[in-house]
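Chain nomenclature is as follows: A, B, C and D, assigned in order of appearance, with residue numbering initiated at 1 for each chain independently.
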């Protein structure tokens, strides 16, 4: 019996230690952002890498998401012969819910995992210690640019992604459901409000903050050689995914 | 995967732009070819060679056990938010929530349970397999296996494949239960739709169940194979393991979303 | 001048340093030798604050730097540079930008000025010709030379080398050894070298201290190590498989 | 016994191996030298059939590896033991299981015979009580000795050593080199040893090959290397440099 308790205790301790480390690192990242001048070259490089790296993935995901949402709501709409509602059925859920979540998950996979892998490798090959030995603080030099590149790119790409999702929905409704695309677009314009779009975008910003915080943390605190890097990336995408769904509920609940 | 010998195209703008389109397509084509070759080899070893069932059980426990809390958490929150959004919207437009539970159950079986579970398994299990197999490649353990007459696909991939497939289907069913209960909780507490009216299976058809199993099965095959392939393609030191793990989660997620699109389209045309 | 006074450090129940005393005088090439896992790298990492001791003090030119904060250690690191075992160059940057990075960060100078100074430092190690190429194009010896050039950009008084010739081929090792000797002669830099490469030890060292199970068992010029009859030192220097040394 | 003919292998744009040919007669021990990234490990992996050359042929025990199918290759590999640079110990197995793995895969010995063989091997590499520990609990030197024991477990006629003393201090290295020499006195094994530790190798190898930028610089005995006029060979052998 005691081994079970010890096991739970140990897991709980390591979890809380991890969360503590993560909060501390994020607070220092925020504090260093305001107090030290960011490194222009590293900032541009991060923006470019994060943005370009994930653009194709996000576009493909968004197109497919839009199509799937139209298919799912298509059956319901067909039952009630309420084709006019198709745009609302698909568009509403896509903009508010499914779009940000799926784009967030793709982004956490492509950018979050890569960020953790890169920082983890730098830690294992002592490049982070080398920075400290050159009297360069690794947090403003490495973590701050990545943090803000991830948050800003997540917001911009969700915006583009939402557009792509609606385009995907329109194409699917025209060809698969034989609902004329002009009707679909009309019902989008008719039933969707700007607040739906903003709701989704606000969620994407919080998702971006979660992905940046989690991936920076697990990358920066990697240990244990090549095996450690693999484990760090695994934990990074898992914690990002959980925080995406938790944040999605919290924001959805407090922000109708 | 030996890269095709690249002739250097003349660098005119036309050929550069074609190359920009052609390059990734070629690369994706190469990846797909390798993944299907890996799938074929895995199935060959599964049916033609003795399977290390003890390793399958170990992997099953490892995959299933480690993902249980994770899937519960994710699907629970998903259930709550879906019901919260749809009930809120339905109140304003249609005004009656009688069919809320039935529609939700149908949507769960058809779409959300298998797909979101598969995405979570891609995140949790996919990166796990790629990280483990990737580190074994980088520390030359895979070469050591081959030196001792143990084929890496038979020794490493087949157990993870069988365990992954079984666990994906099992967890998908588990996800339906968790998601539905979470939804029921929100419906009861916030929109006072009593659990009895919420639990309504009238709309469920055989088509929904077939669509559910089809998707769970397809994802269960895709995720382990794609992540094992990503793991086995690792090279270089810790950088190689990081790249393999990232490639696994991206390829698996894309495969799940793409399969979801195909199977939903198929189900829509034939099953419903 | 650097002094280690009764420095203790352990990781869990693994007691790596058991009260170490050592003094390093300015301008000399000091080698710290011992078997792998004896705590050599752990000891020198204390000097630049990458590790904090469990007990004892570290004095740098009369100032006790044992309990400085990470922020205060930056000044120490400007005077005390470190070159790591794997040469930790950033693969995404050219050799020039690698060396220009610390200059850009510490001296408020334009990018061109930082690059100009970086070329100067690269010339010190004879690599100014390949300034625009990437680290991946070079073997271990060359990469280590650039790492040394990068460490010199802050004009340090002390340079620490963590196993500079381990795992690299004989010619590259000789190149690095010559460079360490030239630095001391031309720039009067005090070098602290962690190593177990016998050829490098007897080729370059002014003074050698041997660490065994967390304590220094011998400290003196190379000649002393050739003549000593201390059983463990004898076994290490002659590379004998059998003997009292536990490995 | 082992013959390389015109081996060429590309890595991206440049040739890592550019026309390498030499032979390792039966019962001899070859020292394979050269700067980092000169394709040394690649040659070993080609001789073990783990990697295929782009051009040229490798033949082991008189059989050209290119013509062997998977089953024949597996049989040939039973005659080859390999000590890998990164240890390659299975981290999910204990030391005992790691060493027993090649014997169990071969399937010739009973469990009791395997246990006895593992005990004698562990005594030979003086790790008599390490049976139950896992690789990550061992130091670098101990891991090398376990990998050595696993490589010679089946008493294979051919053994390859990829940098057996990388990063080890003089005392631990001397223990490894003594085992190499000891192994040789026992059986007529043919082996190729990759290392930078020329001092350690001199007592063990009868002939050496020096590779540089994928090309064979010299293949000869110790005297050939000591008498050679080529600057690169002299510097490599004595560990000097005029830079």
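Methods note: a contact is a pair of C-beta atoms (placed from the backbone, for glycine too) under 8 Å apart; a residue touches a chain by one contact, two chains touch by 3 or more.
As the structure is a computational prediction, the values presented were derived from the model and not from experiment.
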Problem set entry | Centre-to-centre distance between subunit D and subunit A (centres being mean Cα positions), rounded to whole Å | 47
Problem set entry | Geometric centre distance via CA averages, subunit D-subunit C, whole Å | 32
For this session: Averaging only over C-alpha atoms, locate the centres of subunit A and subunit B and give their separation in whole Å.
Result: 18
For this session: Scan subunit D for residues touching two or more other chains and write them down.
Result: 91
Problem set entry | Residues within subunit C bordering two or more other chains | none
Exercise. Going by the touch rule set out above, which residues of subunit A reach two or more other chains?
Worked result: 125, 227
For this session: Just say which it is for the chain contacts: an open line, a closed ring, a star, complete, or other.
Result: ring
For this session: Throw together a list of every chain pair that touches.
Result: A-B, A-C, B-D, C-D
Seminar exercise, completed: Interface with subunit A, subunit B side, in the complex: residues 24, 70, 73-74, 77-78, 80-82, 84-86, 88-89, 93, 103, 107, 110-111, 119-120, 122-124, 127-128, 130-132, 134-135, 138-139, 237-246, 249-250, 253-254, 257-258, 260-261, 264-265, 268-269, 272
Seminar exercise, completed: Seen from subunit C, its contact residues with subunit A in the complex are 48-50, 70, 73-75, 77-78, 81-82, 84-86, 88, 90, 92, 101-102, 105-106, 147, 150-151, 153-154
Problem set entry | Partner subunit C, residues of subunit A touching it in the complex | 39, 45, 125-127, 129-130, 132-137, 141
Problem set entry | Touching residues on subunit B, where the partner in the complex is subunit D | 138-141, 143-144, 146-150
Exercise. In the complex of these two chains, what residues of subunit D are touching subunit C?
Worked result: 33-37, 139-141, 166-175, 177-178, 196, 198-200, 232, 235-241, 243
